[in-house]
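Going in written order, the chains are labelled A, B, C and D, and every chain counts its residues from 1.
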Amino acid sequence: MKKIINDPETVVRDALRGMRAAHPDLLTVYEDPAVVVRADAPVRGKVVVISGGGAGHEPLHGGFVGRGMLDAACPGAVFTSPTSDQVLDAVTKTDGGAGALLIVKNYTGDVLNFEMAGELAETEVRSVVIDDDVAVKDSLYTAGRRGVGGTVLLEKIVGAAAERGDDLAACEELAKRVISSVRSMGLALSSCTVPHVGSPSFELADDEMEIGIGIHGEPGRQRVPVGPASEMVAALLDPILEDLPFASGDRVLLFTNSMGGTPLIELYLAHGIAEQLLADRGITVERRLVGPYITSLEMQGMSLTLLKVDDEMLELWDAPVHTPALRWGV
Amino acid sequence: MKKIINDPETVVRDALRGMRAAHPDLLTVYEDPAVVVRADAPVRGKVVVISGGGAGHEPLHGGFVGRGMLDAACPGAVFTSPTSDQVLDAVTKTDGGAGALLIVKNYTGDVLNFEMAGELAETEVRSVVIDDDVAVKDSLYTAGRRGVGGTVLLEKIVGAAAERGDDLAACEELAKRVISSVRSMGLALSSCTVPHVGSPSFELADDEMEIGIGIHGEPGRQRVPVGPASEMVAALLDPILEDLPFASGDRVLLFTNSMGGTPLIELYLAHGIAEQLLADRGITVERRLVGPYITSLEMQGMSLTLLKVDDEMLELWDAPVHTPALRWGV
Amino acid sequence: MGCTTADVVTALRAAAAVVQEHRDELVRLDQAIGDADHGENMRRGFAAVVSKLDAEEPETPAKALKLVATTLISTVGGAAGPLYGTAFLRASTAVADLAELDGDAVARALRAALDGVVARGKAEVGDKTMVDALTPAVAAAASSTGSAAEALAAAADAAAEGAESTIPLVARKGRASYLGERSAGHLDPGSRSTALLLRALADAAAKA
Amino acid sequence: MGCTTADVVTALRAAAAVVQEHRDELVRLDQAIGDADHGENMRRGFAAVVSKLDAEEPETPAKALKLVATTLISTVGGAAGPLYGTAFLRASTAVADLAELDGDAVARALRAALDGVVARGKAEVGDKTMVDALTPAVAAAASSTGSAAEALAAAADAAAEGAESTIPLVARKGRASYLGERSAGHLDPGSRSTALLLRALADAAAKA
């Protein structure tokens, strides 16, 4: 295992110290429990939007803390959901008197820990669970679909709504609308290596890729030979389009994401193919986001996320945001 | 070789198409010859700032085209400097009547091609050559030092000066001041694989890293065992500090860069260490940039760049910029 | 002969040591069908439990169990943190008034723990989770009519079998469920840690 | 007997074919002490030359050489593009007025090419660059008193030796210079491509 770290046990803490040093104007970073809070918190009268999850997905979620997006983020250990103590602490530290919306990615650990925090919080708390990964077959009898790339779009859009003054019920309703309109899928060309494990989470041969991976080094649903980029992009896009479904005439936000180790040149290349495939189907790409925004350590691979947008979502997407990882209008 | 590409011969073109699709409001992308131009070019009366180099370093340079930074960028083949035709075309397409400043990274190919373009251009052209890589021993009798991370800072600062209306002589003089105040060094934990080659540019054992690498998969100066992050950061920072030299009381901009395959969690961790080492030496970090901004395809590794800043440089750094990769104040 | 508070603390320390020993095994199990953190999560949690036990002296078995519960809740994270946390919390409540634990108390504590896990996690037997180990353990303890040590021994045996029974199953809860059919053929890490914990507690109780 | 325009074009096509054949070798040489693109750069450039020759019919040897020059300048990039481009451009100028090239014309063209490369790249013999192949080639062509084919053959032999001579050298110009001492022990890719080009031109001229 080759990583730029000192000690697998202190990776998350050490990275948080780097974030604190890098963004003194934007973030207040607490270590025990680990919580990243926007520097001007609490903002009185504003619904706070809080998320969190295992570390290793940077910039998610700490990189999205700041004006117009998250009020706080709780990083767990690498690939491990945060504890309820962390979530509770985030709620307490940011409480502006208008309640808190918790954005929870649909993993058992995340759901349980956020749920426990919600039970203990003294302010009014609502939770929404995002489950946009079409690679997972949904069923009432299972843990359901994972939350993946859609989380980034959800946090931006709901964060903007909270910033403009929407109340808790409105933020929750908007969040549910976004969740019901967003779908994602990812693939890996290489595994990642969790620092405290020291060996790759899964093994891929030189000519194999894994389709339908999650963001924790979980194996995907299918292992197939590596093909050209146009096949890879279609392998992600087709299931997404069929699932919602998306149809000719739809307006979308297209998010082309790197899993961490895939460089921008490949990502742009894939993005161009996705745009072409969408144009061929009569789907209009209104906005796009291209980059490493929800990653899986150094994994090589990509995911696509498609959000069916309406005018309000577009307005909220365009609204100013000032965080370490996303910034515009300010 | 596993990459998200269709064909090694069309990688650069295909990635440019993706950039065009991703940034319709910011960029005009030409394919033959390949030139990325800011969408509102030519800007009358403004000095244009142009750079370029081999592809594979994305977002450098195309990702820095836009208001407040570059007017155009010329991407060559992967790791191959652009041709003089491309550079000449970029000058012609952006000419606003106030002359052009060419920012050239110090590689023989880049220097020669930009030089030929300058000779052929009909507008007034000045060139500056950046050579900030302290890993290379400088000498009158060699090609000299390479241009690396400092290029990003140079393009931002000089781009802002051109945007506020500085004339060509002033832009050139400022560029030289930045070049004389900036130093960088990088290391690799893994090699990259050039698409048209198909095998790694160099081989590293599981416990080795290469110190003093360039950005083209060139081997570095020294191969050493992988140590903890604090040793890696010191191995980059010490030669940088000694070279200029930087001293207690200096004010700097610290740029912690990923070579492409190193994820943000490691980069923040390294950044935190660098900030601590600088604080220990009494050097004040006034601004910071953390992310993958000048990369070497999917190489794992990092570089550090330190710029000794003055008030004018800080003001220009803070000035609005609106490009695919850097955006603030707008 | 019942387990005193000191016996319970000794048993919990023994459990912590076993978790530490089996960290890598649990990581490997979770690597196959999950995200490779179960061993490290449990190690982190039980290391914190040991620190807490070094610093505090619980006055009753229930307080010892509650200390474990709150420590796991605040240090483990993931699915295992709230589930084991809830398990120990409910177990603590179930024996709140006792100075010593006999076989009957152990059976009641285990039943409460299982109820807590099911209430939180909504898993059923056959979903390939720790519930597959804990459910037979509760039944075995209930039918044992002997001492605390005997009840725990019966529970540990049953949990071990229950854990093995998860191997052929297709997961329907937790992270392994994302794998669908590919989850079959692997031992569920949480059921393994449950079996390990019960075995460690039983062995310690037998020596008490 | 002199080389006609048709002979020159044939020779240039032969050179393009040789570059194509040796692409991977040149990539490997550049991978060792550079950035692994020399073979691909040359392949791309000479593939474009062939397309140009397919589309246009140069009227004189000089025009054929100029076509090569401008094509290389606009398609190769890197160090090799401007250097070889300048070389062919200067060679073209040196024989601007001739309908056929004899041995003397070849010698003059090579001398002009070398002067162009040195003017652009500022390298000296011993810097481990294409200059180490071209310099002895120019001298050999100058001392040859025979036909164009003989002059080229002498130049090719000398260039091959010159290329070999770069192996022990520590590079002082181009990308290999960043390696310092580690550049010794490797053949310079540009000197190899120079030797290959001259050999191909010589062989073609011998057959004309």
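Note that a residue touches a chain if its C-beta (ideal position, glycine included) is under 8 Å from a C-beta of that chain, and two chains touch if they have at least 3 such contacts.
It should be emphasised that the depicted structure is a prediction, and the values quoted were computed from it without experimental measurement.
Compared with subunit A, the chain whose C-alpha mean position is the greatest distance off is D.
Between subunit C and subunit D, the centres computed from C-alpha atoms are 76 Å apart. Rounded to whole angstrom, the centroid-to-centroid distance between subunit B and subunit C, based on C-alpha atoms, equals 54 Å. Subunit D has its Cα centroid 32 Å from the Cα centroid of subunit B. For the pair subunit A and subunit B, the distance between C-alpha centroids works out to 29 Å.
Taken chain by chain, the contacts run in an open path, each chain touching the next and the two ends left apart.
Inter-chain contacts, as defined above, occur between A-B, A-C, B-D.
Across the complex, subunit C meets subunit A through its residues 27, 31, 34-37, 40-41, 44, 73-83, 120-121, 171-175, 177-180, 182. Within the complex, the subunit A residues that touch subunit B are 2-7, 11-12, 14-22, 55-56, 58-59, 63, 189-190, 206-207, 209, 226, 228-230, 232, 256, 260-273, 275-276, 285, 288, 290, 292, 295, 297-298, 300, 302, 327-330.
Subunit B makes touch with subunit D in their complex at residues 33, 54, 76-85, 107-109, 112-113, 115-116, 135-137, 139, 141-143, 146, 194, 196-197, 199, 201-202, 214, 216-219, 221.
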